[in-house]
Every structure is written in structure tokens, then in C-alpha cells.
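Working notes, beginning with the structure itself.
Chain lettering (A, B, C and D) follows the sequence in which the chains are written, and residue indices restart at 1 in each chain.
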């Protein structure tokens, strides 16, 4: 069960700068850590987070194993027109998680 | 009816002022107060508190049918916002028809086996923690209020005994650190007063949500004592004592702790 | 009665001769040999062997975040003789039943000890001597 | 490595967010060079907000803000964060544009030990700006065994 928490305003004034915050449940296993019996736990991280607003990319972040477990990302966006913000996390073990939020611009 | 409402209003006002007066003289500290500003903010902002991921997940499990009875929690309990409000603030308690107290996770598992006809959820499993977080979250902001059930007394007294007993190769008790030396530094870490105000907690050390039981096991391992089995009654008795010791303090679940 | 005797003997056996308490001290080395102050310093500094700096502070500058539950180790060698230090490390409870100082060289009379530490002392006799030797060098 | 051992002595391997491998100030400098090339990096315009002392290195909140009008003509294109002691010097690289309105990015990072963190911003005119901060990670005391 993919589990994400996205916080963005439902409405915004045209031209306003709004904050978008996102949390995702993910271990961000570094690949440097020995587990039980001293065997290295294989790396399993989110490599990339992208955000689009009506399909135009507005933000991206390449992540390293130094990003904490259950990654948190916050960034800002200019509310130019009403539409859908699509957040996408991709990474190891074929991970693809997507979440959409609608923001109405008045 | 109107009179009743006024009376009720007055009771609320009195209760609030009584609580405020109590808080003013209450020297007890939640672990929240011992954290740096950055971690306090992480807990206080629902959109930044990683424990909220589990609360959300718990809400999904709450609505999902399980077991041979094919029933969800919601099928019997309806909206948790009303049916579960205050429950975490008064647990552990003795369920109807039972003899011994159960903690919240024990109560959830009892519901699974009795009503859902489902398997018990394993200790520290994601589903159990998520459900526990979801239920506990419904009592956030409420004062911890252990029930007056006189049958709990003996269990609570045993919990107090365990709390004060020296244990392990290091021959320390819970009380030595968390009563006698709380606020001092163990290595670089401020020793908290050990009030279970935020469980289940998102502990940064764990990088995950965990139960009070897990935390108690950490302490036992720290003093090189043999941790009780996961289903041992000692944890429930300790929790009964600790919740009584924290009576009146505000429930913060899901808490964030280092 | 025999069981009690056996238990008493078991308690005394490992270092019966060496743990002779005189006043508030154990004057003789537990091993019959003097300890090594250099090794003792390393034990004190190590948070999973000596554990000392979790509760005490001490003049070990490279170890940050020292504890403040117990008195500083600085000057310990001026305050106590080697024999006094030895008893306080071996089993401080013999001087003060309420002490929070763990018994570093006693494996009996403890409750609920973790299986992997059962029957073992926190430090070996030789390690206790090394720590005594190091603390004795900490003069004001 | 010794720094974060624990009371019961069994958790040294689990406590560290990373194993014994470690980046160095040189590796960080090299990673920065890969991003900025031969361009000069000027200190300023960037604010790196990190708690100076954190109780646990597993989750250290960090916010990078860059002074910029964030217009099409003049905006921040990228924000990169580096560290000197984790196994790898790169922490993250974020891409921004005028669409962001505000050049502020927040996340949480792992720090295996107390160390210096560097943030570098690339502006649309091809210039690089930076800020750095030192974070002290408190040593943990009572931790759990490996489970």
C-alpha cells in the first residue's frame, strides 16, 4: 500500500506563491548498513522526486541515500492557472508512486 | 434542555479552569519539552510529522474488512472520530468479561480474534502500529485519564514495583534514571521523565513508528536486562503505572522523539 | 544449608583472596598484577566497554557528550587511593546500598540479567586493574 | 564509529545511518567541482537553515533558501547540497525555475556524525552562490539491539 501525505492549498489567488509539502512512507535503505548477521542490507532508495503542474515540470529533486527515511520534501510554486499538481517518486526496486492534488486558482 | 446546556457549559468552564490551575503547578515534563525546536516543530506540524503517515494508513485499515467475519473496525465502531475519542487516554483497561488489563494493541487484537475472527496482528507490525496510531490520534489533546476500576490497583502496584526494581547487569531501575536523574545528561542525551504521552511514537532512532513496548525493551536492553517476551503482562502493568503517573498530562499521539 | 554454603562459596570463589575488603578499600590487585593506565583510559573512554562517560565526565577531551549523573573523574586519583577506587568499581553497593554505580566486578545477586550477560561481570579483573591504574593518574 | 556506540554495546552496527565508509572534505570538494566546473562559487545569497545541535542524526531537518526575484530573466536554476562525512558527498540536487516563485527547498537528511554541510545555488546567469553550516549530532545513549 503506497502511502503518501501531500499538503497543498485547495485554492489560491492567481499569481500567489503556495507551499507544497509531501511525505512518503519509504525506508531509504542506504546500502551501507549491515543488518542482522552483519550482512549489508541492499540499497533501496527513492532516486527522484518530480512535480508537474498541468503536466509542465515545476520542480524536481535527485535524492541520495543521505535523505532520511520516510522522505519529506517542501517547495514552492507560483499559482498561474487552475489545475492538477502531480507528484511522482521513482527509485530502486521499480518504485513508482504518484499522487495528484487539485489547486483551484481564482 | 437549555438549563442542561448551561449547566454543562459551567461544568466545562470549571473543568477548564481547574485544569489550567493544575497545569500551572504541574512540574511534570513531556519528552516533547525536552526536544530541540526543530523536532518539536516536526511533531507539531501534521504535514511534517512522519507519524501521520501511519495515522493515515491506520484509517485505511480501519475501513478494511478482515477475517472470517469479513468485518472492518468501522462496521462495528463507525467513525473512529467519535467512537474512539478518549479510548487511548484511558487504556490500559480491563475489557468487558475479562479479568486482566490489556493495552491498546492487546485490545485491538482481541477485537480481531473475537469479532473479526481474524489472526492476531504481530507485535510491532505495520498494520498493528498504524491502527494503534489511528485510534490514539483520536484522543490527541485530551488529558490522560486512567479509569477508576479498582481491579486495576493490584496490576498497577506490580507495575510500580517493576519500575523501582533494580535489574540487569548494570543493576539499575527505571526510577533511578527517570525519577532520580531525569533532566540530567546521560552521555549527550537529556534523560526524559518517561511519561508515555505520545505513543505510538515516531522515533528518529528507529526511523519508524514504534510502541511503548518497543521503547521499554530499549531501556531493558540498555541496562543489560532480559527483555520480557512480547506478550508478557509486565509491559501492561508498567504501562498502567506510567499512565497513572502521567495522569492529566496531554496525549500527543503520534509523538516524535529522537 | 549446603546449598547456601555452595552459593556463598560460588560468590567468593572467583577472586576470594583478591577481593579482601579492608575498611572502604580493596588494597590488593584483583589479578596480583598492577594495571595499565593506557589501557584503562581506553576502557573508560569506550562507551560500550567501560560505559563510564555515559554518567561521569572526565579529562578525555576527544569524547564529546559526557554524562553528568555522577561526579567527574577528574581528580579521582587525588580523592581516593587505588584500593578505594578498586572497591568502588568492583561493587560500590558494599559502601552505599543506594549507589547508582553499577557493580563492575560482581555477577551475583542481580535480577533479570540479559542472557548474553548472565554470569558475566561488566569488566574482567584485568580491566578493573587497568581502570584503577588510569584513575589513579587523575590527580588534581 | 566509536562515537555512537551504545550502552549495551550491541548496537554499534545498527545505530549508524551509514557504515564505516566515509566521504571526506576532499571528496566533497570533488563533488562540488563536478557541479560547478571551473566557475567561481561566491559565499552569499544562500541561507542554510539547520539546527546547530540535533539529538539524532537519522533525521535532520534542513531548509535552503536563496535570495532571488525568481523571474524568467533572473531565477535560481538549481540547489545542491553536499556533506563531508557521509559515505557519499552528494545529498540532493533540486531543479527550480521561475515557476517556483520562491527559491526555498526543505527536506530531512541523515548525518552519520557532526560535520559541515554546504549548499550551492546556481542562478540563471550561470553564477554559483553558497552557504555552509556545521551541525553537531548528539551521541545517542540507550539504543536497541539489532532486531
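Note that in this section a contact is a pair of C-beta atoms (placed from the backbone, for glycine too) under 8 Å apart; a residue touches a chain by one contact, two chains touch by 3 or more.
Computed from a predicted structure; not experimentally measured.
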item	value
Pair of chains joined by the greatest number of C-beta pairs in contact	A-D
Identity of the most central chain, Cα criterion	B
Intercentroid distance (Cα basis), chain C paired with chain B, Å	38
Computed distance of Cα centres, chain D from chain A, in Å	18
Distance from the mean Cα position of chain D to that of chain B, given in whole angstrom	35
CA centroid of chain A to CA centroid of chain C, Å	52
Overlap residues in chain C, where contacts from two or more other chains coincide	47, 51, 54, 64-65, 114
Where chain A touches two or more other chains at once, by residue number	21, 28, 68-69, 72
Where chain B touches two or more other chains, by residue	50, 170, 186-189, 207, 221, 224
Residues of chain D defined as touching chain B within the complex	6-8, 10, 15, 51, 53-56, 58-61, 138-145
Chain D residues within the chain A interface of the complex	13-14, 16-19, 21, 58-61, 63, 70, 83, 86-88, 90-111, 146-147
List of chain A residues in touch with chain D within their complex	17, 21, 28, 30, 32-36, 38, 40, 53, 56-69, 71-78, 80
Complex contacts: residues of chain B adjacent to chain A	47-48, 50, 52-54, 56-57, 60, 207-208
Chain B residues within the chain C interface of the complex	165-172, 176, 180-181, 184-189, 191, 220-221, 224-227
